[in-house]
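Worksheet: the structure to be examined is printed underneath.
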Amino acid sequence: MEGKQTIMRRSALAAVAAIGSASLLVAGCSKADDNKDTPKAAGANVATKSVVNASDKKGGTVTYEMSDVPDSFDPGNTYYAYMYNFSRLYARPLMTFEPAPGSKGNTLVPDLAASKGVPSDGGKTWTYKLRSGLKYQDGSPITSKDVKYAVERSNFARDVLSLGPNYFQQFMKDGDKYKGPYKDKSAKGLSSIETPDATTIVFHLNRAFQEFDYLVATPETAPVPQAKDDGVDYVKHIVSSGSYEIQSYQEGKQVVLVPNKNWDPKTDPLRKQLADKIVVNLKVNPDTIDKDLQSGDATVDLAGTGVQASTQADILNSAEAKANTDNAFGGRLVYAAINTKVKPFDNVACRKAVEYAIDKVSVQTAMGGPIRGDIASTVLPPDITGYQKADAYATPGNKGDVAKAKDQLKACGQKTINTNITARSDRPGEVDAATAIINSLKKVGINATLKQYPQGKYFTDYAGVPSFDKKQNIGLMMMQWGADWPSGYGFLQQILNSKAISQSGNTNLSQYTNKKVDDMLAQSIAEPDTAKRNAMYAQIDQQAMNDAVLVPLTYFKVLLYRSPYATNVVSTAAFSGQYDYLNLGTTKK
Amino acid sequence: MSETKKTDTAAKAAVPEQASAPDEREVLLKVENLTKHFPIKKGILRRQVGAVKAVDGIDFEVRKGETLGVVGESGCGKSTMGRVITRLQDPTGGKISFEGQDITRLSTGEMRPLRRDIQMIFQDPYGSLNPRHTIGSIVSAPFRLQGVEPEGGVKKEVQRLLELVGLSPEHYNRYPHEFSGGQRQRIGIARALALKPKLVVADEPVSALDVSIQAQVVNLMDDLQEELGLTYVIIAHDLSVVRHVSDRIAVMYLGKIVELADRNALYEAPMHPYTKALMSAVPVPDTTRRGQKSERILLRGDVPSPIAPPSGCRFHTRCWKATEICRTTEPQLVELKPGQRVACHHPENFADQAPQDTVLLSAAKEASELVPDTVLSGGSQDGTGSEADSRSEAESEAKSEAATGTSAEPEQEQEQEPGSKTEAVAESEAAPEPEAGSEGASDKEQASAAEESGSGAGSASGPEAEAAEPASSPEAAGDPEPVSGSDDAPKSPKPKGE
Amino acid sequence: MTELSKTETGDEATAKAPSAFLEVRDLKVHFPTDDGIVKSVDGLSFSVEKGKTLAIVGESGSGKSVTSLAVMGLHRLGARGKNVRMSGEIWLNGKELVGASPDEVRRLRGREMAMIFQDPLSAMHPYYKVGDQIVEAYRVHHKVSKKEARKRAVEMLDRVGIPEPAKRVDGYPHEFSGGMRQRAMIAMALVNNPELLIADEPTTALDVTVQAQILDLIRDLQKEFGSAVIMITHDLGVVAEIADDVLVMYGGRCVERGTATEVFEKPQHPYTWGLLGSMPRIDRETSERLTPVKGQPPSLINVPSGCAFHPRCPYADIPADNVSRTVRPELELVGAGHWSACHLSAEDRERIWTEEIAPKL
Amino acid sequence: MISYILRRTFAAVILLLVVTAVTFAIFFLLPRLVGQSADQLAQQYIGKSPSKADIVAVKHNLGLDQPLYIQYWHFIKGIVAGADYNLGPTTVHCDVPCFGYSFKDHVEVWPQLTSRIPITLSLALGAAVLWLLSGVAVGVVSALKPRSLFDRTFMGVALAGVSLPMFFTGNLAILLFTYKWPIFGRTYVPFTENPAQWANTLFPAWCSLALLYSAIYARLTRSGMLETMNEDFIRTARSKGLPERTVVVRHGLRAALTPIITVFGMDLGLLLGGAVITEYVFSLPGVGQYAVQGITDNDLPKILGVTLLAAVFVVIANLLVDVLYAAADPRVRLS
């Protein structure tokens, strides 16, 4: 709508000259950008190992910035890890994760609940007791009914609140029959959630589910008073149960939080309520966010996806700036799914040929180097419970093994394979990675053609539609996967389970159908013993790798800039490596 | 140059053409009652509220090998006429026959074969050539469009044409901007002649050129006519040029042909007062004639707007001979002398067509102030009492100019009407004398009424002048219809002939 | 500028204190361009007395308009202005204008000398009312109130024959007809009673009937105000009608000059003959062909050597020694107040005129 | 005049209908042409792994299960008559003009738009004033002294201005004037709150945007002035003896500026529909940002809202331009 494209040769020259001189200026400026009052940096990656600037000092304004807008601030209508993380400031779920560095952050701790859930009936019934003395921001008490209502509205009214996950709908007994609180106005609500008294809530599941504590750690269990709920508009006046309440809400622009006076620290061992004010600025230019973080004008990037590529180069070149960074695992695996339903990849040998052929170093480089991910060899990333180190298709220096690949190809009875590989057009890193894969595959005689599709419709219209893949002869699909909760089951069941295959919006891109894996997944979640469960996850991982249904490429990492002013900074695996937002404070005046 | 090999070819071609009397030649183009109106739309619904009557019922024919000149002041419709007869624009009404074939309603596709035979040359030698095309491609365009492959190939033919119009064949690959105005006009002529047309319509072919160049082009067109046996319709405002090139001349005024005559007849003895005035206004490069300014007839003001042309004879608002009949009855274009057709009730150099109608309209009396006595005395009528001083004369002249100036407003053209009308109405009441005239019944009454009013003309001039004044103000004239006030309506002898 | 040598000595004296109201001496106006120097006017002298009309005749590019702009000091203004090289003298009513400061000339412009142009529609500002444009012209030179100036404007409009001037004063140029516009233009030019009026093709854009009206008006006004008039035109008919003196220009120079009667009755220059021969005439029966001047007007950058007209002149070879091509002819007195710049001998000219040219006209 | 405006307004309404219809068609028909079903469309607006029933419910809620013309009719009806939505425990009424609720976040579109218009308006108007003043000034001086040092310098700068992308100039301005030398603020403040702060924070954005446009305006003015200064009426003005300054300003500039009105109106109208890149670079939550959001989310009501708003601005700007033009140039008549 702006920026007329007037193409003139002379003007182009002038522009080039101007850009040249201006970039010199910029470079000069960024060097000169040292502020005397800036606190000392804690050192690189410290927040992934310990709490940085641990402090109980109150005051100050913590500023979050984000280049986009979240799906919703409504705890019952969001699906993003950063909102799971952030919403805890004003919406307390039954359980949550301990604010601890790295994988320690995966530890579940009770929040609204007084203790972890008590399973009975072989893991089909879970009972939680709420802490006593819980109050909303208006002083009214929080009851187990409100928790039940929150689950009902978030999972069973997807025509209205459609953005969050619907695990409860899937796992609650008779969950498929209940029409949700907006349509079913009966007082009883969902019969499989019982609230025998104001502090007790009992969930009846349709199957044994030993990781239910993870499920209730989503903001969907944060209490919502039914009287205050008006569907989509609830987001405009969320009733806080946490340490902060929303002072002003400007859709898509800004949200301001202030301490909740009715929040009682006695009922909450986790939260500290340090900052006087929390400001969330949305739709901020990403470059501006990076600059604000460095200047101290912003405390943290809400999305927690790391700095811009341009900033990354600057930061890594400066030892001083590097000491303010954390390069954390993002709880995600970057991989190439191999379509097991399209010829000749229905033959495992052909798939193995791909496994051997790919030069993972070139892929890693294409994705942005080691900063953006470690080379992967398993389905589960290291920061997910159940990870076990393995490499079924080790190649020298991870650079691929043409000879072995060709052997596999021979075993498959193929000399050359013509196939297609999909990638999301608006993710340049992914496109580059796919190109690197194409180059690797070419060396062994697999000719793959890159097909790019927009991110927004990648699953609903393209790669996630099996019939489409078949018709277009798509053998390989670029994919990134992060779990809804940091356990093997949470990670694996959507991408390896044959039951997860759907005709559209499919995430089991390989269309992997192995009964053994399906069974193991079912068994694992019913297994009460955590150690055994984790062992099973490793087993499933191994099986999938043996079947060569996907090529793990990298364990995704993010490079976060840690504001030196921020206190209680800790990068947690529970939220994809983001800093834990629960107790962020600031020393900036 | 064009003059180079003219003489021999001219001798061959010219003799038989020139020898035959114009009238016996075959009629190439015949135009009957041709009209071209441009609608004026107004209001939310864009209703048509009027029309610019650019061409409003003209008849003429063009005979093979002759040159018909069309003259007139700007806005008289001559250019529109040119574009309509070549079917570059569609006529509103009437009939155009080319070689006996009715081409009035032919579609673009049907016209295509005829485009070979009818060509047009435009005024602006700059604007009519595409600056991005070479001369070769411009001149060969007609071949391509018509799918004609001339003998010896297109290029050869184009080079022959360039030579014909006095350009060098080497100019084939040059661009229009490399040529001067005169040369460009030659290119335009070469293009028009490419397909050996039968009829060439030239709209102001030389008016954009310098004098010396103008003569070159005029001569070239002359030569080409003799050489190729062309028939021309030359539209121009320059009477000297038209006189030079034409065999017959049509004089147009406000969308009508007022006089159509052989050249010599027209220039020696013009019959229509307008023709006479027009010719007398042309300055002559001869100082010996200075001081003989008395021959000049100064016309008052400009041509009225063609949106609402005056009733009756359209020239009556400016004519020094206009009488009541001129205001009410439109004169037909009649052949008064062999080869001279005139649309006038009181022609010059000929017997009066409405001799009983002798009382001059008030406007005519004012107009006659500007006409030299020699002219007046030469006419069939003499101007009655011209008591108005020269001051008021200038004033009234200017008034009519002012009214016509704003051509966008159709209302203003009638400014002289209501004044003279009321006078006529009043008189017709007073004198119902049924004296028969030569015209139709409706005219009779008018004519007699006007005649009667003659005696009172002098005394009537006072109120009349007053009446004219308010009407000339732009706001006052809201009604485009030239009728008098409503209270007069029952008695008003509304002209039926219109 | 000064290196341009004086080549024309047509006028009697080059001393100061001219006798005529307007006297132009050896005027040169050159425009340096990327392609070379355009010598629009190259050594021109003439004079005009009050109450007299001088017609400058020539084809486009002959330098006639540049001459008028030079007198007005107009071409020194604007973007092109600073590139002009001008020399010579222009004496207006005892004041020299070439050497005068731009502001001095500006103050004379509109007051002592005024100009009317070919196309009155484009020459009037389309956005301002006619009256306002006249008022503006008046108020630059007279410290009067707007009201007074407006009264003057109405008066002038009335004087040039515009009806209801009090009403028309508020009209816009586009609301006027062509003839009315030219009248208004004249009113604007004459509002300060200038003593010199330059009319640049004032009737070319008009119909013949209107042309006659305007010429009449100019003549009448000249009689009334007694001003000097320079009429620039290409139309010899107009010249014959209005001019006392005629100056024929070709290639930036004067080729013939004299009283109108002399020039029309005994033209001495082949170019003048050519012009006369090119014009179809309404007053005479001529079935004969026109006798055009062959070729194209000269480029003002590369003016032909010798006589600038020689490439187009049918008689260029008559004078001996090829002088037509090598020597530039000077203006010579050829009759009473009649000057011509031609190498042809008087006898040759006489013979050619009477035997070849005159019969064809 | 009145009739003219009425007619133009009528035409504008038709135009807006066409614009919305086309937007509708692009949104619905194009995906359908490549074989996307309504289910798939609906699925974009739900979270992960929706059940069949969810899809049906969402589809129904968004009205995607109805024929296209019905949906279009509802949209148009909403604008002129308001609409009711069932988006929670109670039915909510969406007031006129109701642009509907976002498919994605279910937020009502119209209040969103209206809350963003002041920002875009602030940005566009401020920049417009700047670029008009600077562009015209530079253009006039350049035209009066063509090929002079000033002319060449400023036309060069103008060329650079038009060639440099907003990403560059904008980010440079932010870096230099809000970080390096923090003269200007970074967070938008409404005019009503603090006019000084408003201007202060918007100034870098204005300048960056103005740089882009003033280049064009300088060139337009320059060529317009060069042309007008060669007009006959300028010669006439000079021949009257007017001082050169009067000639340039009163006679030259007046005529040269009139055509610029047209361009200006169009540019401003377009810009009011959202200065996408500028709003992005300067993190201004304006209409353009909303448009981008709508497009990335494939969120029809947002897209329609912005499209319609932009079209309205362009139409109004056009109408104003025509009226202004007629006022400036007496030769133009509106009928």
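As written, the chain order gives the labels A, B, C and D, with residue 1 at the start of each chain.
To be clear about the criterion, a residue touches a chain if its C-beta (ideal position, glycine included) is under 8 Å from a C-beta of that chain, and two chains touch if they have at least 3 such contacts.
All of these numbers come straight from a predicted model, not from anything done at the bench.
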Comparison of C-D and B-C by number of C-beta pairs in contact, larger one: B-C
Reference chain B; chain at largest CA-centroid distance: A
Rounded Å distance between chain C and chain D, as computed from the means of their C-alpha atoms: 54
Mean-CA-position distance for chain B and chain A (Å): 86
Interchain centroid distance [CA atoms averaged], chain B/chain C, Å: 32
Multi-chain contact sites of chain B, meaning residues that touch two or more partners: 408
Contacting residues of chain D [partner chain C, same complex]: 143-146, 226, 229-244, 247, 251, 254-255, 258, 328-331
Complex contact set, residues of chain C against chain D: 69, 72, 74, 77-79, 106-111, 114-115, 117, 119, 122-127, 136-137, 140-141, 172, 174, 185, 188-189
In the complex with chain B, residue positions of chain C that touch it: 59-60, 161-164, 167-168, 175-180, 183, 207-213, 215-216, 234-241, 260-261, 264-265, 274-283, 285-286, 289-294, 296-297
Complex contacts: residues of chain D adjacent to chain A: 31, 34, 36, 39-40, 43-51, 53-54, 57-58, 60-61, 87-90, 92, 101, 104-107, 112, 115, 156, 159-160, 162-166, 168, 171-172, 174-176, 179-180, 186-187, 209, 212, 216, 270-271, 273-278, 280-283, 285, 288-290, 293, 296-298, 310
Contact set on chain B toward chain C in their complex: 1, 73-74, 180, 182-183, 210-216, 218-219, 222, 237-241, 243-245, 264, 267, 277-279, 281-290, 296, 298-299, 301-303, 394-399, 401-402, 404-408, 472-473
